[in-house]
Amino acid sequence: MTTNPLPVALFAVAQAVGFLMLAPLLRGLIKKMKAAFQLRQGPRLLQPYSDLAKLLRKEPVRSTTASWVFVAGPRVYFASAVTATTLLPTVFAAAPLEAAGGILLLVGLLALGRFALATAALDTGSPFGGMGASREMTVGALAEPALMLALFTAGLSAGSLNLGELVRHTAERGTSIHPGEILAAAALFIVLLAEAGRVPIDNPATHLELTMIHEAMVLEYSGADLALVEWASGVKELLFMTLLAGLFFPIGVATSLAPQALAISALALLAKVAALALLVVLVESTNAKLRFFRVPELMAVALGLGFLALAMRFF
Amino acid sequence: MIQDFVILCAAGMLVTVYLMVGQRALVVAIRLYGVQSLLLGAVGIAIGVADHRPHLLVTAALTVVLKAALIPWFLLRVIDRVGIRREIEPFVNVPASLLLCLGLTVVGYRVSLGMAGASQGVPHQVVGVALSMVLMGLFLMVTRRKALTQILALLTIENAVFLVAVGATSGMPLIVELGISFDVILAVLVLGVLVNRIVDRFESMDTSRLSNLRG
Amino acid sequence: MSATWFPLALVLHATGVALALVLHRRPAACRWAAFLASAAGSAATFALGASVLATGRAVRGVLFENPAAGMTVGYSVDPLSAWFLVTFAVLAAPVAVYSVGYLAHGIPPGRTAFVAVAWNVLLMSVETVFAADGVLGFLVAWELMSLATAALVATDHESRPSRRSAFLYLAMSHLGTGCLVAGFFLLAAGSGSLAFADILGGAVTASPWRGLLFVLFLVGFGVKAGVVPLHVWLPEAHPAAPSNVSALMSGGLINAGLYGLVRVGAGGLGRPDPGWGMGVLLLGSVSAVLGVLYALSENDLKRLLAFSTIENGGIALMAFGAGMIGLSAGRPELGALGFAAGLYHVLNHAAFKGLLFLGAGGVVAATGTRRIEELGGLIHRMPRTAGLFLLGSAAIAGLPLLNGFASEWLVFQSLLRGFFFAERLTRIVLPLGGALLALTSALAAACFVKAFALTFLARPRSRAAAEATESSALLLAPQAFLAAACVALGLFPGPVLRVLAGVAGSLPGIGPQAGFTGGLAGVTIGVPAFDHLSPLVLVPAVALGLGLAAALGLRSARVPRRAPAWGCGGELSAETEYTATAFAKPLVMVFRGIYRPTREVSTVETAPYFASEVRYRSEIGAPFERHVYGPATRAVLAAAGRLRVIQAGSLHAYLAYVLVLGVILLWWLGGLP
Amino acid sequence: MNLLLATLAAPLATAAIGAIPGPRRPKEAVFLGGLASTFVLALATAGRYLAGETPAAFGGALRVDGLSALVLVLTAFVGLLSGLYSVGYLERNERSGFVSARQRTELLALVPAYLAAMLLVAASNNLGVLWIAVEATTIASVFLVAFQNRDTSLEAAWKFLVLGSVGLAFALLGTVLLFASGQGVLGEEMSALDWTRILAHANALHPFTVKLAVVFLLVGYGTKAGLAPMHTWKPDAYREAPSPAGVLMAVGMMNCSLYALLRVHIVSRAVLGPEFSGRLLLGLGLASVLVATPFILIQWNLKRLLAYSSIEHVGIMAIGFGLGGEAATLGALLHMTYHTFAKPVAFFSAGTLAQLHRSSDFDAIGGGTLSRTPVASGLLLLATLMVTGSPPFGLFWSEMTILRAGFLGPYLAVVAVFLAALVVLFCGFFYQVGRVTLGPDTRSSDHPVLPERLDLALGTTVVAAVLAVVSAFYLPGPLVALVRAAVRVVEGV
């Protein structure tokens, strides 16, 4: 890890750009795999890129009651997601901006994005926005303690809450088969489903007002505003998968800057993310969406898993 | 000999209180009070003569004149004016009252055992009687409804105090005693005035009706 | 020089009192004179506090003597006092300026002098609470503080809720004061001295009363700090007062309770027992979670903020609890971390809660209502207030780059850091506390999305809201100041923590080991680094992200098209908007075990199946009021009512008391040897 | 002429002149002049004492030591305040045509007579004189209680007199028993009952008889002081007595009966050690504080509220004396001093409210008096702060002193209960006063309220309030010296 500002900045920009570039691909991949499960052909793998490009060109329409908050929401959401990616070690066992902070800052940045988007959603005067915001904040509030417990389990066993430090520690130690950490990974996976708006918590494909959460929140967005939201959501999903992979399955993470090690690490990461994507698809395809008021129970399961993880890991 | 006489008189006073508790006619109660005061005077005279204390004779004479004559006369006058002759049913009926008074006497005597010179008898006996009389007087005030009975009970307590003063101390300083006697008379007069006003206002001497001020 | 600051501050406040009395017939002059004097007094205490924090040396002096009782009241500003004085001044000075503008419309002109007097007395007493050097001065100031606050809460005494809250506040405070009197005098009985330096220096380690003492202090100070279940007065009293006073109460007065807890908790009674820290942590967690849950369900803007105060007091307590656990485990550096975290949060809370209450005050003044359901759309009419309120909301929600995040981050550290050194049970309790803190923080975010968005965004839901006008500069400038404080405290935690290391180091149980280092670049916890935080590093990253987003949006969004939001074919209006009740509904349903909401739906049907009117009514249960305080009050009153028979008007009964007393005493005498 | 005798004679003469029918103005002038000169004479007497003399009269039956001097000054002070307020009170009633010429004469005669009797109590050095003086106060005050001549006044007067007489009979029995305990030691002349003599022969007295005597004396004078459970006459009497008399009873008489209790306590301590009477006082005091609590919570009348407050305060002082030790005694005597300053404010402001609303019942007054009679209501709130022992007022300091001493001593449980009761009392008192003063002005126009004017009565209240506030921050040096001298007397050092 270097403290010289220029390489750090370059590293950060590179990682952020990498996340931005790959995020639509992940979306496309999941859609494709889901389609395959349903024996459909589905959209092409790169379709999300085209969607984003088109949306970015389109003229946004905004509600007459909306204020600057409505405009700022997607931008802050986007910026927070992009910034969050720089706190994460990916290919190399260090995060570009690990000097800024660790797990807690990452969670904080995600909360900032959620706060911004939920606030903005209430600016249109449409009941959908309010409904979505309310539900999003509910799920978020319930997911956060579970997320924290899972992350604490990892952090406390590594002796540091800094992600770079943490991944270096786990990389040195190798993948743990300690049941505590497996439970923590499971809790984190449930949180991932919630944060990414996946079945059984949310359904990214629905526009039925009684079931949507995230979609309701962003219903009033169009054009570039919508593009930013979609893109940032993709980044967030990728970020969670990377986090899960990095913390609990550190196989292949490069601990040196040797090109070979980096290449292996990159490939390993892609494979892990793909595997997680497949897992998500499996879950999405084999489960029905839960009724909204059953979601807390799922979150309670995640919380319980997190707690058990902590208890098993340290007692 | 003198001691026996004193104790006899004291016991007589106690008996008058028992009799007061035991009946309900107001006139009889007043007369009993008169007898009681007379006995008190006798105690004073006996001790005064025996111990050669002339001032005791003065107070004894005062007692007889005031308490055996003047106050009963004044109270009888009040009764005549008001026209009420009997105490109505007390809060505690007569047999129970007598039983309770027996208990009060036990309490009084138990304490008096600790008095100085308990072995010699007089102070012990006198204080025992006096304390019993105080408690019984208070008991009378608690259980009887007529204002007049309450005054009588109060006077009984006063007599008990004087009994101690005479029997256990061979007399308070004269000037103090005179002051006290004067005050007692004043108090009785004021009480009498109040009774008159109460009767005028409420057309009754039943103090249990005076219960509008609560809480 | 610094020796005269404190008396000077008191003199300035006293001048404020005098000026207010002299000018009571001229409200405007009275406002300016009294509140500027108050602000000057706060400036003086700030200067004093800052100088003590800079030098680390305590400043002492004598204030008042009562020769008849032979009692002396002095002051002694050590770093801990200085920290609280600075915190208080940072809030009180801008609020005083705000008051000049706010009171012009917030209260009847005839009561200006009253508020100005009570205000200055309040400030005087709070400052003396923080600075008192002994039990008596402390108790005097403490009581005066309660009385002045109660008077201010009752400013609008014609309204029943105001009277009720003032009384409730007074009663609860007095309960607390009773505990403190008992605690202090018991404590003093051991050493014979009433000076804090003697009795709160950690010398009573061996007293058999230690546990009882701590409980007494916990209750006594806990009432003021709004600790659940002693908090019942807080959500009533804070909103009932004029908004400037609410800001001061929420941001400044609960600190008095927290101050006391630090004094006794951080080694003041000797090394804490392990149970104390656990108890404080537990109470803190419960306060934080319940506080934010009730805040979330609240539709009265000021009550919402008041409940959130309970939450933030709870967060500070969690940190203190972690610190005490550290101390009892013999790790002073953990103590330093926990207390520093809590103290940092106290300062931050003063800044953002002050900001939010002042903003709410502006809204109330502009619209005449505190009900969120009747607000909305104010961002168009009051853009500056809205912007500042949004910033405050983000800060209180614990979002990065702002101060709420910085201190909550530190509280997390104090909880998790203790994990490595704790005994079996605490080992699991500490991370669990962390999870509860996460929950609190996330719920706070939801709560303040609601508070801000439903108040300021979308359409106005009442005529008053539609016709509101922006607050004057006199109201906005203090808010801007506090907002700037929120940003600065969020971006520079390092320097703040360097100061706090000194404060923590001055506490009797801690000493110089800090367990954290702070510099301009950021904060580092533990050696080797357990975690670190450097918001400044993040600033360019976030700026870059925002720039990128803006650039991406620029291509199409230069002149966006405006259209009414889609209403499924119908027309959207203020009535169809998502309401505050609806916003909180999912969480209310999730936590219905705690809320115990009641629900009442009645329909008026004009024809079968066609309802002309549907009425919906839902209420959140108040379990402590219903199950603890209500029955307790009723029981006391019922007992008092039953005792009425003592004085039933019967002379015979009265005489019987004397008889019974006489018999008892004589019987007892007769039994004596 | 003997200064002490002059102090006692002045109010007596004033009373005699007051009893003679005559034109109003000159009579009032004589009345106020008499009370003022009484106060000045009392001050002079106390000054003599401070200068090192021991003013005495009647061969030592009257004698002024530190405690006497303190009580003399405080009582005369209250007498003067009460006198000023009496004139204002009569003037006000004149305006509304409530007072008869007989009543004026009665008030102008009884107030100084009552005062004279109280001063005699304070100056007495002799148990017999003490008893006679207390009896005299009873007789003087019973007419003040019956003053308004309503049904309830008669009832209150009757209860007051009967209970008072029982108490006095007990006290007399106690006095006689004390005398009996020193048979053959004290002698038989008048001075045998001087406590200077009793104290000098303390070791020769028969201990058990002294115990018996102390019990009766404490219960007896406790009745006059209004210690529970002998307190029951107080609320009735306070409600019925006109406010100027009320304050004499609540402050002057309370101080004087405490004086009597203290004399007993001093004797008892000399003979039996501090525990015996100390514990009794502690018990009676605690009972008083506890008894006052529920009735303040459920009170329905402003003046009865003050009566219960007065029961509370006498309880506090009894607890202070009972705890013993220099600190607690100082606390209790300071409490007496500060109470003397604070209580008149409460009585006068409450009296003004009652007079203007023509009743002291809460129902009749209604809420929101602050908007109808702002000055009196404001003063009542101020007085509430003082009386409930809130800082920075004096009673806070004295209560703290007592509590501090209590927590240092062995009676922790008693002190804890006491403290808890104080908390509840504070809340109850504030609740009741808040109920009257705060809130919207809901009174209907059918029952108009007399307008509040800055008349003599209200002026007196303001002056009393100013004095009370000042006293919290500054007690004159000689007064402090008197308090300290009284502490020495009580503590026997």
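Chains: A, B, C and D, in written order; residue numbering restarts at 1 for each.
In this section, a contact is a pair of C-beta atoms (placed from the backbone, for glycine too) under 8 Å apart; a residue touches a chain by one contact, two chains touch by 3 or more.
Predicted model, so just to flag it, every value in this text is computed and none were measured.
Participant: By label order, what chains touch subunit A and subunit C together?
Facilitator: Chains touching both subunit A and subunit C: none.
Participant: In whole angstrom, how far does the Cα centroid of subunit A sit from the Cα centroid of subunit D?
Facilitator: Subunit A and subunit D have C-alpha centres separated by 78 Å.
Participant: Distance-wise, how many Å sit between the C-alpha centres of subunit C and subunit D, to the nearest whole number?
Facilitator: Going by mean C-alpha positions, subunit C sits 44 Å from subunit D.
Participant: Centroid from C-alpha atoms only, then distance subunit B to subunit C, rounded to Å. What do you get?
Facilitator: 68
Participant: As a quick test, compute the distance in whole Å between the mean CA positions of subunit A and subunit B.
Facilitator: 99
Participant: For subunit B, give me the residues that contact two or more of the other chains.
Facilitator: Expected reply: 111, 114, 134, 138, 141, 207, 210-213, 215.
Participant: Spell out, as numbers or ranges, the residues of subunit D touching 2 or more other chains.
Facilitator: 158-159, 162, 166, 170, 208, 211-212, 235, 295, 298
Participant: Every touching chain pair, please?
Facilitator: Every touching chain pair, ordered by label, is A-C, B-C, B-D, C-D.
Participant: Residues of subunit C touching subunit D in their complex?
Facilitator: Touching subunit D: residues 66-71, 136, 139-140, 143-144, 147, 154, 157-158, 160, 163, 166-167, 170-171, 174-175, 177-178, 181-182, 185-186, 188-189, 192, 194, 636-637, 639-641, 643-644, 646-647, 651, 653-655, 657-658, 660-662, 665-666, 669, 672 of subunit C.
Participant: Looking at the complex, which residues from subunit C come into contact with subunit A?
Facilitator: 377, 379-380, 386, 390, 394, 397-400, 405, 409, 412-413, 416, 419-420, 424, 427-428, 431-432, 434-436, 438-439, 441-443, 445-446, 448-449, 452-454, 457-459, 522, 528-535, 537-538, 540-542, 544-546, 548-550, 552-553, 555-557, 560-567, 572, 574, 576-579, 582-587, 589-590
Participant: Would you tell me which residues of subunit B are touching subunit D in their complex?
Facilitator: Contacts found on subunit B: 111, 114-116, 123, 127, 130, 134, 138, 141, 147, 150, 154, 157-158, 160-161, 164-165, 168-173, 175-176, 179-180, 183, 186-187, 190-191, 194, 197-198, 201-202, 207, 210-213, 215.
Participant: Show which residues of subunit A lie in contact with subunit C when the two form their complex.
Facilitator: Against subunit C, the touching part of subunit A is residues 9, 12-13, 16, 56-65, 67, 69, 71, 74-76, 78-83, 86, 97, 99-105, 107-109, 111-112, 114-115, 118-119, 122-127, 129-131, 133-135, 137-138, 140-149, 152, 155-156, 159-162, 165, 219-220, 223-225, 227-228, 292-293, 296, 303, 306-307, 310-311, 314-315.
Participant: What does subunit B use to touch subunit C in their complex?
Facilitator: 91, 104, 107-108, 110-111, 113-114, 131, 134-135, 138-139, 141-143, 145, 207-208, 210-215
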